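Below are structures written as structure tokens.
There are two complexes below, and they share chain A, which is joined by chain B in the first and by chain C in the second.
And then the complex of A and B:
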């Protein structure tokens, strides 16, 4: 009876699994929209993003530079950037990464970053696979995943066969990293696949899963393993040990100079605090998201601690820009497609004088809330938003302040 | 053999529930609800705040009463296109007349790319949404028939429950 129930449950599990597999919805594009809004709105605030070009030939280099501010409102549920890594997000290796720099430090390894601080990066990539690719800077954070910056459509021209990645090793050998060691990788995969395949086929001919389970239950397990099986098993074990020893020796012979895999974490100092990123303070009194109209309204108190009159010019959240067309445009980013040019509306007197605290009612509206799937934050367990306010100073400088807080959806 | 037949039937039934209904220009593509207007696409969302708060609908509207529809341009170019919205009562092929029009929003440009409207459906029935955009001199029309309060499609969870029961019974019988 117990057997029957167990196999019944097994059958049910198989059917349910195969049905749900059919239903799995696919993620769109190359995934930048599929991340939860809190991962995009309250982690890395990218700004001053600049791509040196939007078309590169195969083997030609493109430089991505910019800055990012790590949110103080970093969500509790995701890991802090104690182990982070700078990279590019792209659909397959359309470009190959050549160099990365963080605040002037070569950042080929992982590094530890601090929340609330600003960092400046530079990533140099090399055209690899011809075609049009959407390329973004990306910060990989251990256990949190890739946090993606503004993207650019980049045309990569030429022929893939021409691609090379020349590198000189520490021992002075010139190699092409694109093909280096490839034959060796294929060779060893085949060598190991042979015993693995043999082992699988050897056992697959025998009673499997439920019949096997029933035999064990009925005390017939001795019939499952014969003395030939034991001999084959011992032969395979010895063979494996011999193969491992041999391959290790042959590797040492071929590559006498070896270093272990590098896993150190580089300390990187944040950019210094300046009036531009510390003088203005914002306090959110109320924030609502109006579902029809795709409009976010906020009431906030802005204190201008700088020495110059300022005007709110931009609200930026998850790389979506809401700007006020009455005020000159700020930091250049390429993401024209994520730019709501007239999306920011400020009620009342727009200028905040030095030392003054002003109450602003602002409205950020655009279909991008929905098409970039940010509005799904109303379904998050902590319906909170985050972003950065950019102020234009009369001194020509840009002042910024991170904001975050709870948000309530409305239909009115 | 019987097992395989039943399994095939179940799989067929499952596919039927998700793909078999026809909704003109409106379709649930992957996990997005998309309204296709010629070469352009809009993201389509329906809400019934009184009965289901922020739950989103695509295609059929589950019950009568206040319904809010939000359509969001997926192509930035569409922000400059004058757009007209019309909802008529009737079958999929019905022609729009003054008599059967229950909602009409004349041509207008929506600079934020979002078009939202609300309507209170007093009774169940069949309707057709008609969206017309002006791309230069060209007028592009998209029609999507939908039903209000007809219970919608066959709920997926019932299919799953049936599949579990049948699958379990077969396995049980086989082991007996």
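And then the complex of A and C:
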């Protein structure tokens, strides 16, 4: 019976221990499809995304640039981006962040951003772990989590052992951020392990449980702590305090200049309002999602307030691009796998002249609705969709307008 | 049936026959590793849930929350296991055994989970040191032979020594650097460079609150605050150890041991 209990406890202990050892923080960001559609369709509209390359060597840099519009139709259930952080989504640190900028402001700290405004970002990363990694720009928003931009499969070539991240401190020391300080951490963990193991062995070397238990039961407990034990205990107590004092003093001497961790939430001015992000207005009259056809149809009135004739070129929602094959679209390098090249069908007179309001019936259809799990939007609490329409101007510029509204599913 | 009645004159209840002594020793050597692994599993989970991010990341180890939370969470199991090992066996090893088990679990976890599996550099993810705190807690219990004295003297020392013992490994990370025209510590820079997708900068709680307003010595104030809470935590978990030790399986093992002796 005793053996049974012990082996059972032992088994449980070993399993529990090994499970905790395997706990790892979420390394991949590739829950991008598992996020509820409203979080992807009505929050951050990424556009003009550009990756400078799709293959880097270890220690080589890649630059990601682009813009995003923060949706005015921001869902009520999550907090506004009063605390937001420009970040990178990737599986583990396959690439290391070198620089991040938002509208020219360094993005090492968190930002307070405004809805309905556009922002321009620049992210520079450095190849670290060889292999293929899916890398995205990302905006973390407090309470909403990571809102992920278009991704790109990036090949990182070389050997990890070559990776370095050189930094020069303000005290003039050149360090490698990838390894800095760790040897010292290990050294001190080992130094402290010595008295700890001594203390464990000091007690475990003599008969432990049964005889001592019997003596305690018998009222003989005073015999169990000898005068030698007391002396060793005093030495241990004093030695520990002395070592702590000495080690901390030496560290303060060695590193006289120290600053606390730096953290702040800073405001950033948005990009200015221009005709390109404000001149075209859209009003949704009707929106349906046809489940068997995996297609969305919309009837809208478009008012062209710009000075040039425009044509609807693209509907973009949750990083999925539905483009109109009849109109040459701008060459953008968003992730190709989320591009329904022939997915946008426009009925009605395609060209809208300045000052004119035209009624368009558009259909955005592709299997991507299903594979990107956007069709589940009818399961959202408020069954609303969101996205951005991009118009191609005769002047060569792109005009954009955010749209959002309720959507009604049809089942046949 | 009790073994206690057997003790006559100078003969101690702990004097077992050679055969019994051999068996009892085998039992010791079986139980110690099992106890160690069981504590590792349970304590490590408890610690990860309550002090997780502060202990995981170098850029979370600030002068307030980290210093306050870590000792409060770390003194729990040591107090409970001290109860069992001291009250039943007079072995002043509870705190050290727990903390060594915790650090063993943490290093396994950081190495396999964070470094090998997730690919984070170890310089970002090392665990804080706690052994000095544990040794002092055990020594105080042994020397005072009294849990109340240990709660009043040992528990505050446990907390006060926490930050002090870690200065030697943390100091290099608080050297300033300039990056993108801004002032950062090396620790901030390590956290910035090695991307944790699910841990954005704002999740860190860096010296938030009002405690710092008297004097600027945030670390010292946080340590004393932790010392005070540790007294309460120590008492609570010592009592919890008492409740846990009354559980049937423990009792049955030791009743049996008593019978063997009889």
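Everything that follows uses one rule, which is that the second predicted complex is superposed on the first by the 310 of 412 C-alpha atoms of A that agree within 3 Å, B and C clash if a C-alpha of one lies under 4 Å from a C-alpha of the other, contacts with A are read in each partner's own complex, and residues count from 1 in each chain.
Here is the rule we go by: contacts are C-beta pairs under 8 Å (C-beta built on N, C-alpha and C of every residue); 3 or more make two chains touch, one makes a residue touch a chain.
None of these values were measured; they are calculated from a predicted model.
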Chain B versus chain C, judged by how many residues of chain A each one touches: C
Contacts of A:387 with chain B and chain C, given as first, second, both or neither: neither
Contacts of A:127 with chain B and chain C, given as first, second, both or neither: neither
Contacts of A:109 with chain B and chain C, given as first, second, both or neither: second
First (chain B), second (chain C), both or neither touched by A:234: second
Which of chain B and chain C A:137 touches, first, second, both or neither: neither
First, second, both or neither for A:37, with chain B first and chain C second: neither
Partner chain(s) touched by A:150 [first = chain B, second = chain C, both, neither]: neither
Partner chain(s) touched by A:365 [first = chain B, second = chain C, both, neither]: first
Contacts of A:342 with chain B and chain C, given as first, second, both or neither: first
Contacts on chain A seen with chain B and repeated with chain C across the two complexes: 10, 12, 14-16, 19, 22-23, 25-28
Touching residues (chain side chain B, partner chain A) in the complex: 7, 10-11, 14-15, 18, 30-32, 43, 45, 47, 49, 54, 68, 70, 72-74, 76, 111-114, 116-118, 156, 160, 163-164, 167-168, 170-172, 175-176
Chain C-touching residues of chain A, taken from the complex the two chains share: 2, 5-6, 9-10, 12-17, 19-29, 83-85, 87-90, 92-99, 101, 106, 108-110, 129, 138, 140, 142, 145-146, 165, 167-171, 173, 175, 177-182, 184-185, 188-189, 192-193, 195-197, 199-200, 203-204, 207-221, 223-225, 229-230, 233-234, 236-237, 240-241, 243-245, 247-248, 250-252, 254-255, 257-263, 265
Residue ranges of chain C touching chain A (in the complex, touch as defined): 2-4, 7, 12-16, 20-21, 24-25, 27-28, 30-32, 34, 37-38, 40-42, 44-45, 48, 56, 58-59, 61-63, 87-93, 96-97, 99-100, 103, 105, 107-109, 112-114, 117-123, 126, 129, 131-132, 134-136, 138-140, 142-143, 145, 161, 164-165, 167-190, 192-202, 204, 206-207, 218, 249, 252-254, 256-258, 260-261
Chain B-facing residues of chain A, complex: 3-4, 7-8, 10-12, 14-16, 18-19, 22-23, 25-28, 291-295, 336-337, 340, 342-343, 365-368, 370-371, 378-379, 409, 411
